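Think of it as A, B, C and D in the order they're written, each chain with its own count starting at 1.
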Amino acid sequence: MIEFKMPALGADMDAGTLDEWLVKPGDKVTRGQVVAVVETTKAAVEVECWHEGTVYELLVPLGETVEVGTVLATLLAPGEKAKKPPKVSVKPTAAAAAPPPATVPTVAPAAAHRRRWVSPAARRLAASLGVDVEAVSGTGPQGAVTISDVEHAAASAEKPKTKPTAADRATQMRRSIAAAMSRSKREIPHYYLADEVVMENALTWLTTRNAERSITERVLPAVLQLKAVALAAQRFGEFNGFWRGDAFEPAAAVHVGVAISLRGGGLVAPAIHDVADKKLDELMSDLTDLVARARAFSLRSSEMSDPTITVTNLGDIGVDTVFGVIYPPQVALVGFGKPAQRVCVIDGGIRVVTTLQATLAADHRASDGHRGALFLAAINELLQQPDVLEK
Amino acid sequence: MTARIDIREEVLSVLTTIAPEVDAGDVEDDVLLRDQVDLDSMDWLNFLVGIHKRLHVDIPERDYASLRTLADVVDYVDKHALKPN
Amino acid sequence: MTDAELARGLLSDMVRVRRMEEKCAELYGEAKIRGFLHLYVGQEAVAAGSLRALSADDAVVATYREHAHALLRGIPMTSIMAEMFGKQEGCSRGRGGSMHLFDASTRFYGGNAIVGGGLPLAVGLALADTMLHRKRLSACYFGDGAVAEGVFHESLNMAALWQLPVLFCCENNFYAMGTALERAQSQTDLTAKAAAYRVPTIAVDGMDVVACRDAAQQGAQHILNSGGPFFIEFRTYRFRAHSMFDPELYRDKAEVEQWRKRDPIPAFIKQCLGEGTLTDDDIADIEKAADAEIEAAVAFAEAGTWENIEDLQRDVLTPAEEPVA
Amino acid sequence: MKTSYRTAVHDALRDALRNDPRVVLMGEDVGRYGGTYAASKGLLEEFGPERVRDTPLSELGFVGVGIGAALNGLRPIVEVMTVNFSLLALDQIVNTAAALRHMSGGQFSVPLVVRMATGAGRQLAAQHSHSLEPWYAHIPGIKVVAPATVADAYGMLGTALSEPDPVVIFEHVQLYNTSADIDAPAPMDISHAAIRRSGSDVTVIAYGGCLPKARDAANELSLAGIDCEVVDLRVLRPLDDDTILESVRKTHRAVIVDEAWRSGSLAAEVSARIVEGAFFDLDAPIARVCSAEVPIPYAKHLEQAALPQPDKIVAAAQSLFGDR
């Protein structure tokens, strides 16, 4: 029996609310198939299943908010036979206490890695009633969950859930960001490096390339940057991966998280997968698609959960340099500033060329400044060779 | 003139699909568009792609830099779209 | 200074104080002034006479019964009155009230409401003057009650030991609040206490304004010559209660009446008229001027403003940008 | 019949002097003047100047004298007029009265009662308005009490006199004119806090001059549907943890009202004990209402703004309920 669990769609996600099942018992599921939509603080995310099999039992009803890791459904592996008939609708939490954990109407999922504010008394009461405090909305001072919130949650466990409003979402997202960034600044000893990148070659090359194409096929300089970072990250593995527990875990592939600001505030950094292996056109189309879906709050679980390194580009807004905050558990973030004409010394002569500031914010637990400098230099080097990036 | 007004409305309509928070009535013709509306390079590209698709205007790379205000874009569309191919 | 000028000045000072204090009692009844209010009525000759002997840059430290000293050292009656009203135009911004009049520009180091609290302060002021080679003195006013405090003895001892220019002005009105001198002191001759610390002393009739002036001049001269302290006991009497809350159970009405016969103002008027230094018209002018000054001061205080409550916590510590003397 | 707090203090002193010939009352103006707050009016006439003794303005001296007399067979009640003047006697209270039993290895107990007025509200400005009782509550070796009701004003004095160790009594100046019906005046314990109003939603903890304000606030909060329990600390040292914690365990919320400044206050101590002892019962952060951190100003509107007030207590209590 295969267990399909609520995925962690980011460092700041503790729980998610099941919005929609896209499969039913008996359906065959292929690897990577989107099987459910989960509401998180950031977006309604399509969740893929990475197992092949047949849906045996859906364990979490619609509207339920459950912790990350909770089994959402069971699947029979190919060839497996059910040992007993499926139960109707069981409540599966890790703790699985006698009274089922309750959820509450209008609950936006719990915010984040910052511990939620739950009054000590409410926490104790929730434990005794088997209420999941992470799924209870707080009405106490500063939004804390109070005894009465827990009692209401226990009493109205059966009521149907409604979707979070945009305002709820904005608040929740703010909290998520606050939690993730606070955690980052609290836990990650950042160091920062900057390097000036002459963009002359790359931009000229890109302009020529774009001139031959329709506007719909045009490629933005940001795509060159993503590719350069991905290729460099392949060579400098200590910037591509996660710090977990007390150790660095390098990632096998390079999935570049792209920091996307949302209109009206907020930020997500979903991944483009396997950037190092993709051609520029493919990356451009991925990027366009990703930005559109991020702004429509419609991202996939894998995009949310598995960036291995993040790129942020505030140059569009006109800043020269950006020193980023690493998105835990990642260990590095590469920033790009505004391309502008600057006076440079090149080959012993003074020239006016277009340059930009590339920066690296990196986790000193995972890497050191010397390697960081080499990594940044490699990115610079790659941006001088646009045809290498094309491959 | 009627055509120009229609074009302007279409352009604004494309703009507000990219930036839904913008009130079309507030956009000024002769102020840099990217100063009035928060548009990054991806938004800008999407905006021009939208113009291209909606109004059937091709915008080659070399003309990019000349499109800075709403009036620029309207003029550009006015000039290029009405020309028979 | 002619006798007439001096007489006019001394009388004017006493009358201004008397009228101001009476006005304060009236205003207290109207609840314009609140808190503790200690009036100087009866003791005017001490402040009027002794302060006249000081130079402009001498310092004065006083007690909670300090309206007269503040006024006669040059704090405008307007800002004194505004202070008692609690207005921000007051000399202490309305933060101090009746017991805490302060004024840096006249070196008036305030009303101190802890008995004896001003004594070591004056010794310290004098210490700084001596060490910084300034020729000026610090006059410290206190009552007979303060003599019972340990700090009185500590202060006299240090002033004498280090030979500091302090003019100790003990205003003995014979009651420490409600406790008569002889029930509080084993030695009721207060000059003897100062003498025990080898501080030169003089006792003087505090109801005689000229005698008060002369004694203070003698003390100031001694300090100027020797650099060391001087102690004056002014024997005086307050005609009114200790404060506005005092039922005066501790003294006989007859005793008060006896002292009232020695009221320094009528006594001085009689003396001046007899000697021909002042005329009835002079006296009428002085009284008229005092009344006008008081009227203006009350109008000023009435028109004053209440400080914003948002500023409640100002002046707790010195702002970084403010220079410190 | 209504009895005033002032009368209750007076009667307590009178009865103490009547009941035990070892009792003496001494202090500034306790005799002829009748007491600064008229609490000892007529006692000189009844008991004579030996037992109702006016002292010179020598606070350090006469408090020390009281300690010596207590060591040697008398039961002195020393009045220090106000807490501000008690600073002049702090050395004898802290270094002698409080320490003597311990530093003599248990040989010398000091059965002394020190009374003083405390608190603001009468426009007496920065040298006569402060609430320094938390300093005394810091000191091991003494008991500190703050009668807030007429019954306690009478009843705590006699009990304090029967203690073998020093007891410091704080009477808030704003309480002297309050009055209440009391049946027969009786001794009151000096070891427990008291529930002055029973309630279920929030515990308001106050003492001394803030108790009437806490009660007013509780009445107003009840109109808003918040049911307050009002705890009167009564004894500031040693604190009655049990009563405080039991109440907070019931209501899950606490507002502490203290006329002293917040930093290093008794409110801080009570707050810490609640967190230590009832953390898992709290449903909201602890709130404190204390005086603004400024010497108390003279001007009435500023003085009132500096002090805890019923509306501030109401607001603090409401803040513990979020957006209910």
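Following the convention adopted for this analysis, contacts are C-beta pairs under 8 Å (C-beta built on N, C-alpha and C of every residue); 3 or more make two chains touch, one makes a residue touch a chain.
Since we're looking at a predicted model, the values are computed, not measured.
Student: Which chains, if any, touch chain B and chain D both?
Tutor: A
Student: Based on mean C-alpha positions, which chain is nearest the centroid of every protein C-alpha shown?
Tutor: D
Student: Write down the chain pair with more C-beta contact pairs when A-D is set against C-D.
Tutor: It is C-D, judged by the count of C-beta pairs in contact.
Student: Of all chains present, which has the mean Cα position farthest from that of chain C?
Tutor: In terms of C-alpha centroids, the chain at the greatest distance from chain C is B.
Student: Distance-wise, how many Å sit between the C-alpha centres of chain A and chain D, to the nearest whole number?
Tutor: So the centre of chain A lies 59 Å away from the centre of chain D.
Student: From the C-alpha centre of chain C to that of chain D, how far is it in Å?
Tutor: About 36 Å separates the centre of chain C from that of chain D.
Student: Could you tell me the distance, in whole angstrom, between the mean C-alpha positions of chain A and chain C?
Tutor: About 77 Å separates the centre of chain A from that of chain C.
Student: Let me have the rounded angstrom distance from the C-alpha centre of chain B over to the C-alpha centre of chain C, please.
Tutor: 84
Student: Residues touching two or more other chains, restricted to chain A: which are they?
Tutor: Correct list: empty.
Student: So which chains end up touching which?
Tutor: Those chain pairs satisfying the definition are A-B, A-D, C-D.
Student: Sort out for me which residues of chain D touch chain A in the complex.
Tutor: Its residues touching chain A are 252, 279-285, 319-324.
Student: Mind listing the chain A positions that touch chain D in their complex?
Tutor: 119-124, 138-144, 146-148
Student: In their shared complex, at which residues does chain A touch chain B?
Tutor: 207, 210-211, 213-216, 218, 220-222, 261, 263-264, 287-288, 291-292, 313, 316-317
Student: Taking the complex as given, what residues does chain B use to touch chain A?
Tutor: For this pair, the touching residues of chain B are 19-21, 38, 40-42, 45-46, 48-49, 52-53, 58-62.
Student: Please output the residues of chain C touching chain D within their complex, sorted ascending.
Tutor: By the definition above, chain C touches chain D via 34-36, 86-87, 92, 94-97, 99-100, 112-117, 145-146, 148-150, 176-180, 183-185, 246-247, 249-250, 306-307, 309, 312-313, 316.
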